[in-house]
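Down below are the structures I want you to see.
Each of the two complexes below includes chain A, the first together with chain B, the second together with chain C.
And then the complex of A and B:
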């Protein structure tokens, strides 16, 4: 393996000093002179028509500058397809926006909310995804009969993947040694719950130029999206450091629009920052996922067909559900070699807070329900799940339909070595005792192991552009619309540029994520940071270097190809006794600028396997997570501590803890979320950490100059189904949904009569 | 605090933060401190010390942790008016104000990349500072207990524990 100067070495994050000294300015740390604060009046009903709103009293409160209702809100539309107004005459979940207030202080704004008088006509509500599709079910939108959303997502192309229909199911049935069938669901809608709640500041110049500072994970794509949703307005989007997102703050119109509307009405800067209850009960959560599936298998673990209905509960509106379905359908094929498929998704809206993008992006929601159905077959054939996944995970040369509906063939690598290394580190052979059998039993404590798998072909999704500017003093500036959301990606692109230009890391910087100065950037999503964003930056740096060498070559009387540069000095390769600084080529008043552009490439699937060991107390029903090992192959590590941090992110709502205790509890009588605070919404603390190890291989990928790919999106996704398997093995009984709270364990063990909640048993 | 001249006709409050003493009039005006204001609000909105973060605003997540008389406290659960005569330190007050050097805990967090998004980091560092002030050589388990009230959503826990333990070893 090549020894680089920066790549693969642990280097200090560029933003580290500001972070540890509290100087990093998150969105709520910014303020502007004359700024107002936005507050949102939210519906107490899950489904109702607004018969009247009286805002007169609120408007009279000193310090209130604007009150907006559906009658005077701009006609901006969000959602997929466009179906979500900022304010509407109908509310569709408890927490839906009813009116907006702009006031001099937050306290005055809150007081004004109490003075708005609203008369509602309550309507019947529906929460269960299959009940919502029944003919007599309440209808959320006139244009979506049966509450089923139309398929498709234009940005993925004219023919996006919306189902997996391949081969001939009858033939698969004929070839099968046996068929298994089951229903599993992942419907506990865990909340990504970034510590920084969603927030934005909106400022208008004149009638048609809007500047937005936001905590968006993708500030440049936010500009593009806002302009489309708002019509002709010219939007400038300023990315702030993101205080956690996990996907949820990627598309941010839900909270930007209220601030923008109030700023337009008052002609003053308006800040909006959600409170924690708003974030937990009125911001986007994970999709609900339920699958009725049927699988045909041979005794050797080959799958002859897979047929199923995938019910996707998107809540009150679809923010991106069809896109997540597209990616999920692609990811199912990466995991499972199978000639005959008929997997039919239905995206359905119901009367709870909407679902949006969350780390795992559809594939995780699908896998959490689909993998357990496959395990029914593995159990019947008595196949070790590690062997099953090894046999069935996509190999180089094998193909899959990806999100654009096109057939792609993997040019990546074989992950067999990563699987074997993960199993070795975990001690799988010693711990695996067969299906529904514990690894060990000690009194009331039973231990079990489970494994999950995930991967996507999104490491090369979408377009990234970057410029790299070389300055006469040997410094380089990257023009990129990339926001830092915790992965260290802004520092990592500096490492790539420093490596190419062979200058100290301190000499490389990145522009602010300002859409008015930077070229197009889709954002750090889908594990695309290393390959897609990195490739654009690498190309820009290479081109800038070439321009520099073109300028310098005549001074050495050689061709540009014969030159090399280290630490801001240029010389002829092999003859470093004669050197000239960059300024000799650029001049005092010159720079050169390279441009890089990455075009989508879906040929490089990544891979993640998670091994888990749990201990179940059969007296109390409590499940403890004992050990976690994740296994992957990243081609080339860019920054070791940042990668380990990302892999440790397999805990939390994005992953394993959504199988153990994280859930949004919906009261289906009133439609209210019962735990919108951080005491009743459970989260893992420092005091409860499992043993954690990672098996990380570095087999060079045919990606970019450093042969690396990203794994951020997929790091947590195999976790929940691995835990479900581990618990089933520990207690010898299967449980069909998440999370595995003590009541479900005791109920499965026959120690409790009924399930308290969930309704499906 | 003796140099600040209190008016006998007005209700005022003095706050000592990071060694500086500030005098506020009590009231609802835009430069005043209201009896309903939390310490977190006053630090951020009146003193501009935005390193102290407000996250849950209900005492559950530890993001707003500061030190008061050497102990870690949740500044979103204290009213500012309760904090008179107390010595308060925030993340901005760590390190040496003369040399500008940062606290060894902060340096260790940098060296171990003991953060991802960094939003919860100031609170975690302040909890750590309070722990090490009281107990300079805690076990890893004691550090875990001391930080159990600090929410970290990116799962940087393991690197944080490594960073803290590295400082405790140095401190003996």
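And then the complex of A and C:
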């Protein structure tokens, strides 16, 4: 493996010192002269028509500058397809926006909300995905009969993947030695819960130019999206350091629109920052996922067919559900070799807070329900799940339909070595005792192991553009719309440029993520930072370097190809006694600008396997996570601590812990989310971490000059199904949904039957 | 947060005067770890006009021992209980409970009196006003308790009638097992009551012009074993789903005295007298302990989603009695 100066070495993140010393300015730290604060009045009903709203008293409160209702809100529309108004005459979940207030202080805004008088006509509500599809079920939208959302997502192309229908199920049935069938669900709608809750500041100049500062994970795509949703407006999107997103703050129109509408109404800057309760009860959660599935298998573990109805509960609206269905369907094929498929998703809306984009993006939601159905077959054939996944995960030369509906063939690598290394580090051979068998028993404590797998072909999704400018003093500036959302990606693209130009890392910087100065950037999603964003930056740096050498070559009387540069000095390869600084070529008044552009490429699947060991107390039903090992192959590590951090992140952000205790609790009589706080929403603290190890291989990928790909997004996704498997093995009984709280464990163990359950309820 | 007046109190007398003057419209702020959240989320129909900071009454931050036992000032922060050699030596169960409360930052601020007086964690009661309005449950003067037919996984399994919220205090559980009393100062003078009698189905016995000043803990038998167990989903931060405290004396193989208390199962810590009586005079074999645990939960009446708490409670009683 090549020994690089920066790549693969641990370097200090450029923003580290500011973050740990509290100097980093997040959205809520920003303030503008004359700025107002936005507050949202939220619905007490899960489903209701607004009969009347009286805002007169609120408007009279000193310090209140605007109160907006559905009657005077701009006609901007979000959602997929466009169906979500900023404010509507109908509310569809408890917490849905009813009115907006802009006030001089947050406190005045809060008091003003209490003075708005609303008369509602409550409507029946529906929460269960299958009940919502029944003919007599309450209808959330006139245009979506049966509450089923139309298929498709235009940005993925004219024919996006919306199901997996391949081969012939009858043939699969004929070939099968046996068929297993089951229903599993992952419907605890965990919240990705970034530490920084959503926030934005909107400022209008003139009638049609809007500047938005936001904590968006993709500030440039936000500009593109807002312009489309708002009609004729010209939007400048300013990215800010993102205090975590995990996908949820990628699309930010839900909270940018209220700020933008109030800023337009008042002609003043308006800031909106959600509180934790709003983030937990009125912002996006994961999709609900339920599968009735049937799998045909041979005794050697090969799958002859897979058939299933996949019910996707997107809550009050679809922010990106059809996109997540597309990617989930693609990812299922990466995991499983099977000639005959009939996996039919239905995206359904219900009366609870909406589901949005969360890392794992459809694939985690699908796998959490689908993999357990496959394990029914593995159990019957007595196949070790590690062997099953090893045999089935996509290999170079094998194909899959990806999100665009096209057939792609893997040009990547074989992950068998990563799987074997992971199993070795975890001690799988020693711990695996067979299906529904504990790995050890000590008194009331039973341990079990489980394994899960995930991967996407999105490391090369979508377009990235970047410029690299060389300055006469040997410094380089990257023009990129990349916002830092916690992964260290902004530092890592600096490492790539420093490596190419052979200059100290301190000499490379990145522009602010300002859409008015930077070229197009889709954003760091789907693990695309390393390959897609990296490729654009690399190309830009290489082109800038070539321009520099073109300028310098005549001075050495050689061709540009014979030149080399280190630390801002240029010389002829092999003859470093004669050197000239960049300024000798660029002059005091000159710069070089290289442009890079990455075009989508779905041929390089990435990979993550998670091994888990749990301990179950059979007398209390408590499940403890003892050990986690993740296994992957990334081609080339760019920055070891950043990668380890990403892999350690598998626990939270609606990841592994969504199998243990993370869940959004919905009271389905009131339609209210009962745990919108950090005590009742169970979020692991740093005081309680399992033993964690990672098996990271570096088999070069045909990606870019550093042969690397990203894996950050997928780090948690194999985890929940692995825990479900581990618990089933520990206690010898299967549980069919998440999370595995003590009531479910004790019930599965038959412990509670001595009591009359539900004596009063 | 809505504005309020704020006063730093210098003496208990001053506090009582202010409480009397404001007639229920003043709230005491000790550590503030509970009160500030209650105010910020606007969970109560009435908002206080005055917040009285009592941390400034420094003489109530004290731990002293005399012949009868331990006297702890109501404003003693939990961190001092954890760090106290006096507590460690004779009243170790106080420390065992205190270290399970919340997080280090909260234990630095939260006081003994505050831990006893904190409001329930029932999530209907605590539902934040900003997401569609607070919930007017029975405890707030409403007609019913929404937990009865709702999401009641953490609610009462014993002794509940109209309100199914549980007492969240961990310190109350261990103070009850130790037989502690509280000194309460008020407009009518000073009174002492046992911790067992302090709680009521809707909160506690304090009237608007009263505050706890002192916690008096009789010295337990030096040979009694003290055990506190708390079941939570997460080790730090969480309030108890169920807790159990025991004080067991064994003489020549026979249990001569047993006090067993269950926490987070009802509106107050529950002393399981029948189980205690059964254990006394017996050798604590596995079978005897199991029968004691069964008896402890005989009166349990779980709701639709909290029958598991009965099993956990039995397990904790068993383990607390067995001392494991």
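Keep in mind that, in the parts below, the second predicted complex is superposed on the first by the 751 of 761 C-alpha atoms of A that agree within 3 Å, B and C clash if a C-alpha of one lies under 4 Å from a C-alpha of the other, contacts with A are read in each partner's own complex, and residues count from 1 in each chain.
We take it that a residue touches a chain if its C-beta (ideal position, glycine included) is under 8 Å from a C-beta of that chain, and two chains touch if they have at least 3 such contacts.
Source: prediction; values computed, not measured.
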Figure out whether A:460 sits in contact with chain B (first) or chain C (second), or with both, or with neither.
-> neither
Could you look at A:474 and tell me whether it touches chain B, chain C, both or neither (first, second, both, neither)?
-> neither
Now for A:44: first (chain B), second (chain C), both, or neither, which partner does it touch?
-> second
Regarding the shared-chain residue A:619, is it in contact with chain B (first), chain C (second), both, or neither?
-> second
Kindly classify A:719 by the partners it touches after superposition: chain B alone (first), chain C alone (second), both, or neither?
-> neither
Scan A:22 for contacts with chain B and chain C and give back first, second, both or neither.
-> first
Have a look at where A:685 lands relative to chain B and chain C in the superposition and call it first, second, both or neither.
-> both
Taking the superposition as given, does A:645 touch the first partner, chain B, the second, chain C, both, or neither?
-> first
Touch check for A:275: first (chain B), second (chain C), both, or neither?
-> both
For chain A, give the residues common to its interface with chain B and its interface with chain C.
-> 107, 275, 677-679, 685, 687
Sort out for me which residues of chain A touch chain B in the complex.
-> 10, 12-13, 15-17, 19-26, 28-29, 104-105, 107, 192-197, 241-246, 275-276, 484-488, 639, 641-642, 644-646, 648-653, 677-679, 683, 685-687, 689, 692
Mind listing the chain B positions that touch chain A in their complex?
-> 30, 36, 44, 49-58, 60-61, 63, 90-92, 94-95, 102, 106-107, 109-113, 115-122, 125, 143-145, 147-161
Complex interface listing, chain A residues touching chain C | 42-45, 94-95, 107, 110-111, 113, 275, 277-278, 281-282, 619-622, 660-661, 665, 667, 669-670, 672-680, 682, 684-685, 687-688, 741-743, 746-747, 751-752, 755, 757-761
Which part of chain C faces chain A closely enough to touch in the complex?
-> 1-3, 41, 103, 121, 123-124, 126-128, 130-133, 135, 146, 148-153, 231, 233-239, 241, 300-308, 310-312, 315-316, 318
